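Got some structures for you, see below.
Presented sequentially are two complexes of chain A, the first with chain B as partner and the second with chain C.
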Partner chain A sequence: MKLSNFLQAAAIFHKDFLVGLRRRAAFAAMAMFSLTAIASMSLSVGGILIEPKLLAALLWVVIFFAAGAGISGTFEDEAAAGTLATLKLYAAPQAVLFGKMAFTLASLLALTIFLLPVFLILFDAAVAQIFLLLATILLGLTGIAAAGTLTAALTVSASTKGGLFPILLFPVTLPIFLPAISLTEAALTGAEFAPEFLLAMIFYDAILTVASSILYDFLD
Partner chain B sequence: MNKIRLESVSLSFGRRELFKNLTLEFSAGKVVGVIGRNGSGKSTLLKLAAKILKPDTGEVNIHGAQTVAAVTPEMKIYDALTAAENLNFFAKLRGKNINPAELGRRVGVDFETEIRAGDFSTGMRQRLKFAILLAVDADVWILDEPTSNLDEAGREIFLREIKSGARGGKIILLATNDAADLEVCDEVIELPAGGGDFS
Partner chain C sequence: MWKLIIFLTATIIAAIIFFVPPVQGLGELAKIIFFHVPAAWVSVVGFFVSAFYAAKFLRTGEMKFDELSARAARLGFIFVILATVSGAIFSKLTWGAYWNWDPRQTTIFVLILIYGAYLTLRAAVPNEKARAKVSAVYSLLSVLTVPFLVFILPRMYFSLHPEPVLNSAGRLEMDAEFLAVLLAAVLDATLIFWRLMKEKT
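Here is the complex of A and B:
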């Protein structure tokens, strides 16, 4: 990415941060979805200890759907407000993509910081390997942000965005969830983990980011 | 010399052929007015020239000029940001350092206010859009009904800035339904009603 594109992406990130801070709609949607989902699941199991594998899967299911509730608005809100045309005129396409991808990742990280302690408390779970859990979450969210931003750009002109977004996002992010669930289980139990899973997530995140960058140029 | 050339451009919307074999050239330092009845393709011609819209056939070449800015009804500003934040954002996208207060003086509005753009009147929003155009200092200005919703003082400011921009070597395309705007135009193109064959 050229330096000018990097500066443009930084400006878009800053602008999205300011707008997001003032409107709070996307973050509120993600937070409310995750809180409702966690609380209802926790109440339904009624204090029964859940298998770590199932707990890890539940965490990533909540993250996926909460992310879907927020990311789809990345481009949709701009298109509805009429600012997307202005943004595309003044900024390079790659800067728009990476600025929005960075903001999406930051939003997902903020969501997870809020969500994870609530999840662990309500399910009475302990973390045996905190750094492994943080690394897994960071890599998982990076992949979701990369794929989600491109999917949001793809679906912005579709008439059934709400239904289309998760349908398109899920198969693309599935290769992230499988190692992420396994690594999260290891982080919760303290069991040995397969480093290949971490490498696979890094590799797949890189593929998603590069593929998003290449494909975004064909969207206009 | 900076110029925009449309070469044998054709464009249809469904079965309706708006332009067929349209060839035009816009040079730097001139304000070209585009007039015509509603639906004649004024806004579409501007979008084609700015490469916001692609023609079905033919070519649009922008020679020399690097950057395009626009004031059109479709291009909106960020309602959640203040005027100064909007100006700084768009200026940063084009690598420009600007003084919002100075730009505010040029378009006759106080941009140092903390009021968000969403709470501006329609005329003030129009002035902010024009200030953004001045802030990014683009080579090509696309102006679609730029003086709509403006009072007389605002119109005078806009027309003065448009003249000044042309003197500064900008390529300026101005689509309007208001005959008073044509006083700043060096050339005027009248599009036939419903578009047409320009062969």
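Here is the complex of A and C:
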């Protein structure tokens, strides 16, 4: 029986979700990484009030590197388990990509639900515009998931993996990174924000998703 | 080809030393601009040439295009380092600091990161076929940052950097002789890049 691409992607999402629940390693690494990073910064500045601009940058730096710790193994783990070839045999390439991308986004969202309150509490930061913050985070994570899934597929064949993932991902996600920091700062302070930054983020999320979809076909 | 390049380079250097007047208020060292602009130009050209051959490789699967794409990136990496260092010196001269994350400085820094990431990726993949595919895909993925760097970033930050020689308003704000030497230097740098691309290995 041949499933449609959408159902195949959904099945891969479901499979990854179950494997993730059972193994927990990727998610635990992400969560503990973000906790360690936040604690190390919050501890070392010890209660000094940090400017919102710096806080916004710190938040995104933590999200970025925690994402690197968690999602770089999206394809890697399958390759190590020897199931990647089978997966590619049974499912259409686009279904594999979008199933993985959806799961990546879901794990990043779960990470942020855990990380954001800890971050705001430990740095004693108030949020003036909560919806702006949530919208910014959602758009930022979508972009990281889109570019990160393709980047994870790129690093499968690499022999030296340490640090490769963030090196590759950073320049590509910079277009969502910078507006996200700027919008997060506005969300913390309650200052007026530039709506075109939100548009720019939506635009780049779309571009990264489409480009990942087109380029992934060449990797098979 | 090399003879022409050497002749042209020597002429340009002579013109810069003897012919072009010192820049007002900046002195002789400001003539590093004749090195900076061509280097920056070639580092951008190299980026697009690398992406062009990456696309060609993905379409045809011929390894020679992968080799050309990699070579353009290696040359581009050298030129982008030269452009960054010379730009920082010029920046110290005119703005008083080597670095202040002006949009142009950000752009060129992102270019260093992209070139560096691309070359690191190539070094990390041992299998030849896989390396060609993976690096071609990354090369094309990184081209996506171009609209951001060109259109969005300059709106986010105030820039002190002079407008490019060929700016949107179509104005030329330079002495004719200054401009002539600069354009010759850009041509010279492009020829050097082109010649090195055709070098047999």
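Basically, the second predicted complex is superposed on the first by the 217 of 220 C-alpha atoms of A that agree within 3 Å, B and C clash if a C-alpha of one lies under 4 Å from a C-alpha of the other, contacts with A are read in each partner's own complex, and residues count from 1 in each chain.
Keep this in mind: a residue touches a chain if its C-beta (ideal position, glycine included) is under 8 Å from a C-beta of that chain, and two chains touch if they have at least 3 such contacts.
Fair warning: this is a prediction, and the values are worked out from it, not measured in the lab.
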Just to be sure I read the superposition right, which of the two partners does A:Gln94 touch: chain B = first, chain C = second, or both, or neither? neither
With both structures fitted on chain A, tell me whether chain B or chain C touches more of chain A's residues. C
Pick one for A:Val172: touches chain B only (first), chain C only (second), both, or neither. second
One more residue to check, A:Gln129. First (chain B), second (chain C), both or neither? neither
In the overlaid three-chain picture, which partner chain does A:Ala158 touch, first (chain B) or second (chain C), both, or neither? second
Touching A:Gly82, do we find chain B (first), chain C (second), both, or neither? first
Applying the document's definition of touch, where does A:Thr142 land relative to chain B and chain C: first, second, both, or neither? neither
Inside the complex, what are the residues of chain C that reach chain A? 58, 110, 113-114, 116-117, 120-121, 123-127, 130-131, 133-134, 136-138, 140-142, 144-145, 148, 152-153, 155-156
Please give the residue numbers of chain B that touch chain A in the complex, ascending. 50, 52, 68-70, 74-81, 85, 89-90, 92-95, 116, 136
Would you tell me which residues of chain A are touching chain C in their complex? 147, 150-151, 154-155, 157-161, 164, 167-168, 170-172, 174-175, 178-179, 182, 196-197, 200, 204, 207-208, 211-212, 215, 218-219
Contact footprint of chain B on chain A as seen in their complex: 4, 7-8, 11-12, 14-15, 18-19, 22-23, 81-83, 85-86, 89-91, 95
